[in-house]
Structure formats: C-alpha cells, structure tokens
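Attaching a single structure in structure tokens format; questions to follow.
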Amino acid sequence: MKKMLFIISHPPYANTHNTELLEAAMVGAVFDGDVSLLFRGDGVWSLLPDQHGEKVGYKTFSKMLSALPTYEVDQLFACAGSVADRNLSMATDPAIEMLSLEQQATLIAAQDVVIGAQG
Amino acid sequence: MKYTLAIHGAPYASQAAQHGIAFAEALLRQKHTIERIFFFHEGVYQALSTRVIPQGEEELLEKWQGLGSQGIELAVCIASGIKRGVINEAERLRYEKNASNLAEHFTLVGLGQLISAINDADRYVEFPS
Amino acid sequence: MSLHLVFNSAGFNACQQRMLSADPIILLGDGVYSADASSEQNIYILALDAQVRGVILDPSQFNLIDYDAFVALTAAHLPVVSWAE
Amino acid sequence: MKYTLAIHGAPYASQAAQHGIAFAEALLRQKHTIERIFFFHEGVYQALSTRVIPQGEEELLEKWQGLGSQGIELAVCIASGIKRGVINEAERLRYEKNASNLAEHFTLVGLGQLISAINDADRYVEFPS
Amino acid sequence: MKKMLFIISHPPYANTHNTELLEAAMVGAVFDGDVSLLFRGDGVWSLLPDQHGEKVGYKTFSKMLSALPTYEVDQLFACAGSVADRNLSMATDPAIEMLSLEQQATLIAAQDVVIGAQG
Amino acid sequence: MSLHLVFNSAGFNACQQRMLSADPIILLGDGVYSADASSEQNIYILALDAQVRGVILDPSQFNLIDYDAFVALTAAHLPVVSWAE
C-alpha cells in the first residue's frame, strides 16, 4: 500500500478543507494505507483544544482529531517552528511529534503521495 | 440606518454565510433596515437550491431564505452567477440547460443593482471569500 | 472615522499598514488568531469566532463583542472596510 | 505510467481546471493512462451542468466532458459535492430536491474511490483551490 | 453620489475576482459614482503590460484596464511599496499614481464605501 | 526524488523550507511571479502561465517548459507535491 502524507496548512473554520482532508485520511487508513498527517503554518491552529465548530454549524475539528487513533491514524506531526511562532506549545497533544524543517523535508521525500499541501 | 451587505464567499469555503446571516439578524433586531444583500464572486453558490446539508450541520440556506421571506432582497449577481452555474428558470430556457437551481427568495440581478443599493444605503458591509 | 473588519492574519498586516492610528478594528473569523493582549484598546474581537476556534481570551484584557456590538460599531463608523487577503 | 489526478479548485476561483485539463491531455498524448480524475473540496463545482460560459471564454466543462467521453473517469466526491449542491438524479430523489445538476460523464463516488485510485496509480498529481 | 474605492489585492488569473471587480467599478462610474481603484500587494501584478488571459480562456485583464478611461474611471492608484518590492516600476502606466502607505490610509478614510479589500 | 509544483509565492516559501536541496520545482499559475534569474537550475517554469500573466522571461536564463515537459518531470519523480497556500 502507498505511503500517504496529508498536510494541513490552514486553520480549521474559515473553510471545511481540514475536515474533508481528515475524512480522506481516515478512509486511507481504513484501506490499510500507511497514513501520516503533518500540521504546518496556520494549520497548527487546528491543534488548539476545546474548539466549538458546532456554534457556526460546522463539525468540531478538535473532536475529529481526537477520534483519529480509533481509525489507526497515529503518525501525527507538526512543524515545531509554526507551533513556536504561535506560542502554541502548551496547547498541543504530546501524541503529536514536533518536527524541524529538515525532518519535514525527509518525511515528505519518503512518501508515495502527498495530499492537501495547499489549503 | 439602511445597510447594503455583500457576500463574496461560498458556503464551506468561507465563513461569509455565518457572518452575513448573523449580522443581518442583528441589524433587524436593532431596527436597522437592509436595502439589499448582494451575492458576488463565489458568494453566488450560497443560492444553489440543490445543497444537501449534512446531519448535525447548520442549514444556512434556510436561514438566508428566512431573511428572504421577511422581505429582504437576496440579489445574486447574474454575471457571477450564471458562469458558475447558478441559474433561474428564465436563464435555463434561454441557454437550454436541463435544470434551474436558484433557490426560492433569491433573484438574479445586474451589477447596477449593487451600485444602486450602495448609493441608497448608509452603510456597505462586505463578507469576503 | 473608518472601521476595519479583519478576517485573517495577512489581512491584519495589510490593514495595520493602511489605517489611521485611531481607527477601530474588529477581529473576526480567522482574524481572532491575531488577538494579542499587548495590542491597543481600539481592537475588538468577535467572541463567538474566538470560542469556535478554541482561542481563549481573558475578558478583562480583551474587548470581546457580540453581533449586536458589531452592528453598533458599523453604525458609528464610515467606511466599513473588510480585510482578508 | 498510470496517473490519478485531483482537482481541488472551482472554475473562476482557481486555475485548477485549465491546469488539470491541459495536463490530462498531455498525459494521453504521451500514452500514459489516467486511473481517475477526482474532484474534491470546491473542485466539485467543475461538474455543475448549469454553467453558462461567457462569450469568448473557454468551455472548460466541454473539455472535461471530452475527457469523459474518451473513457476517463470523472469522479466527484459525493460528500464534498452534495453539501455544496452538486447532485445527480439519485440524490435528487433521495433528498427531494427540485433538480439534479451533475453534468454528463461525471459520477458521484465515495472517498474510498480516491484512495483506491491512489493505490492503483503510479503517480498522484493535485491541482489546488 | 457615493465615493467608492475598489481595492485589487490579488494577481489577475488564479481567479476572476479582479475582472469582476473591474466590471463593478465600471458600472459604478456609469451610475455617476466617484470611483477610484487601488492596486496593492500582489494585486500590482495586474499592472503588467502584454497579458494574454485568452490563452487560458479568461478575459485579458490588462486590456480591460486600458479601457477604463472610456468608462471615466480615471482615479487609478497603486501602492508604491508593493510595486517597488516586485521591481515593477518600469512596467506601470504613468496614469497610475503611486501612493505611500500614509496616502493610502488617507484615501481609504475619505471613502463612503470600500469594495474588494479582500481577494 | 520529489517534484514540487508551486502555485504561488506563499507556496514557494513553504516549499523551499521543506524540500531537499536537489529536488526540482515547477512554477505554475501565480507561482511564475516567483521566477528569478538568480535561482538555481532545478527550477522550471510553465511558459504558458508566464505568458498569460505578462511575465517576460528570457529563455536563455530560465528553464521554460510546456505541458509535455511538465508530464515528463512528473513521470520521472515521486512524490509530486503541490504547494499553494
């Protein structure tokens, strides 16, 4: 099966792309793909706990994220610099591994497929 | 005070519907009036009658139509709309398409209706794509 | 006096460069991520959009507003300028 | 070599159609094969049958359908599509809408069809929103 | 009539917003509005001469721009910094007045309506 | 080796930070505005998109390509990564 990396680079609520990408990642895992997820740039805002998407009629992204282990999507990464720039380090789940830019380059180079590198 | 609102973003690609609807409802609560709500650029997709709202998500189309049923004019830019595929029955017939899909309470209008609504209002507030 | 509606961080930068210094700003949508306690007092934040995003702001340090206050600010200022990028 | 393409952008809001169509045509010229073209996010608007192309502008819908008529699968993500208002006859009946508007040669499919197309192809190329 | 400023802040061909905004500006002028236009940020790429939108099936923005005087839209401004950052000074029409950030702030403050400050 | 498709300037920055230094890049769409004669030789530019935008590039200084060359580059590299922001 293919090694698939989903990149989340935008915040979760201006549009529903993050939700749609996460659904695709879950399906990828169900199909036995080797799925990983990288949060970078403004995408790291997706990692804030205690979101309430339902207040504007959207699915709550942080709840979907916490359901990922159930779908055996457990390779979760974030850009350390993007997290630090936004003073988010306290808010992020320890299950999410922080990567340097060099480590992100290595991660990307190891994939068969990269999905959602745009927004 | 009289307001003209413009919605430039599509549903699911922007928060323009949530912002525009809540802002319009607050205007009415405060006894302001709404000259026209103008849907421009990707905002025209708000008016598609064929949207199927996922369970548990908000029915933004019904909220727009709720404003429309109170007499608020929901005006879709005809140039922006028809090229993106938002057409009423007249345009369906004119261009021989198989279906029309402009939701009830919305109308297709020219850009002149944006400018005249701006000229006739005290405030113009735009919700981006 | 103008009122500026800021919908994201790139819009915040573009707006700050082109506003008069006393103009009020409302942060909404992804603009709420630009909220900063050190900012000046003429910045308002749509509380609902911060709550949606999990952005927790101390009401003693930020001007958190609802849609009724949002409307009141637009009625008191001209023009109302949207910044999104 | 076998390709899967993904189109994430709407017509007029991105160049995804121009890029995707020209890329697909070049693939076929070079005797590559296309496993599937998958329309995701705002890319689903590419499949609206009701688009009225302005005079002098390019008929991108016809070009997609030209690819479809050569047997290339034009697969619209059903979850992304129906919530934005792109529905076929079956969904029209199921949700009691007044019209269907999925253009000929396009089909509505689940996300599994994206993943299986990725797994079955040698290359995945994505055209953003 | 209202003083209306249209702001163009994105390049012309990824989407058709610039074309649609220009059409609205022309209609504004036809309705005797006091219309001006400001190019800023990546919007100044719209000022390059010799564009060929027709090659990707779009209207050619530079041609529409040269038709503006016919519609009596003649208050054209550009952000001097945005133009300089992109080394565009040689390419821009002398009929377009370069404004500092302070002058742009003054221009905006003088309007009744500002349209298209996003993309 | 990866191939990077860059669709605009923000995507160019994000890509350059996260690519291996020898990876090739194709600039297309608004990405063509990032073309710079001082750049390294592994940058290709979709000629049509530059022409559309009025971006005039000297073929002796830039690797201008058509769709056939674009396809050939994708066939020779894995993965193909799109960067747009």
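Every chain is named by a letter (A, B, C, D, E and F) in the order it is written, and numbering of its residues begins at 1.
Just so we're on the same page, a residue touches a chain if its C-beta (ideal position, glycine included) is under 8 Å from a C-beta of that chain, and two chains touch if they have at least 3 such contacts.
Treat the numbers as computed from the prediction; the structure is a model and nothing was measured.
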## Note on the structure
Chain-touch separation of subunit C and subunit D, in steps, is 2
### Task
Express in whole angstrom the distance between the two chain centres, defined as the mean CA positions of subunit B and subunit D.
26
#### Entry: Length of the line joining the C-alpha centres of subunit A and subunit E, rounded to whole Å
37
### Query
Taking each chain's centre as the mean of its CA atoms, how far is subunit B from subunit F in angstrom?
38
### Query
Among the residues of subunit E, which are close enough to touch at least two other chains?
13-15, 56, 58, 112-114, 117-119
#### Entry: Touching two or more other chains - residue numbers and ranges from subunit F
7, 29, 48-49, 78-80, 82, 84
### Message
Please output the residue numbers of subunit B that touch at least 2 other chains, ranges allowed.
### Response
12-13, 15, 41, 57, 79, 124, 126, 128-129
### Task
Quick one: label the inter-chain contact graph as line, ring, star, complete or other.
other
### Message
If I apply the definition of touch given earlier, which pairs of chains qualify?
### Response
A-B, A-C, A-D, A-F, B-C, B-D, B-E, C-E, D-E, D-F, E-F
### Task
Would you tell me which residues of subunit A are touching subunit B in their complex?
13-16, 54, 56-59
### Query
For subunit C, which residues are in contact with subunit B within the complex?
5, 7, 28-29, 48-49, 67-68, 70-72, 74-75, 78-80, 82, 84
#### Entry: subunit A contact footprint on subunit D (complex, rising order)
6, 8, 40-41, 77, 79-80, 110-112, 114-116, 118-119, 124, 126, 128-129
### Query
Which of the residues in subunit F come into contact with subunit A in the complex?
1-2, 7, 11, 14, 17-20, 23, 78-85
#### Entry: Contact footprint of subunit F on subunit D as seen in their complex
1, 3, 15, 19, 22-23, 25-27, 29-30, 32, 122-129
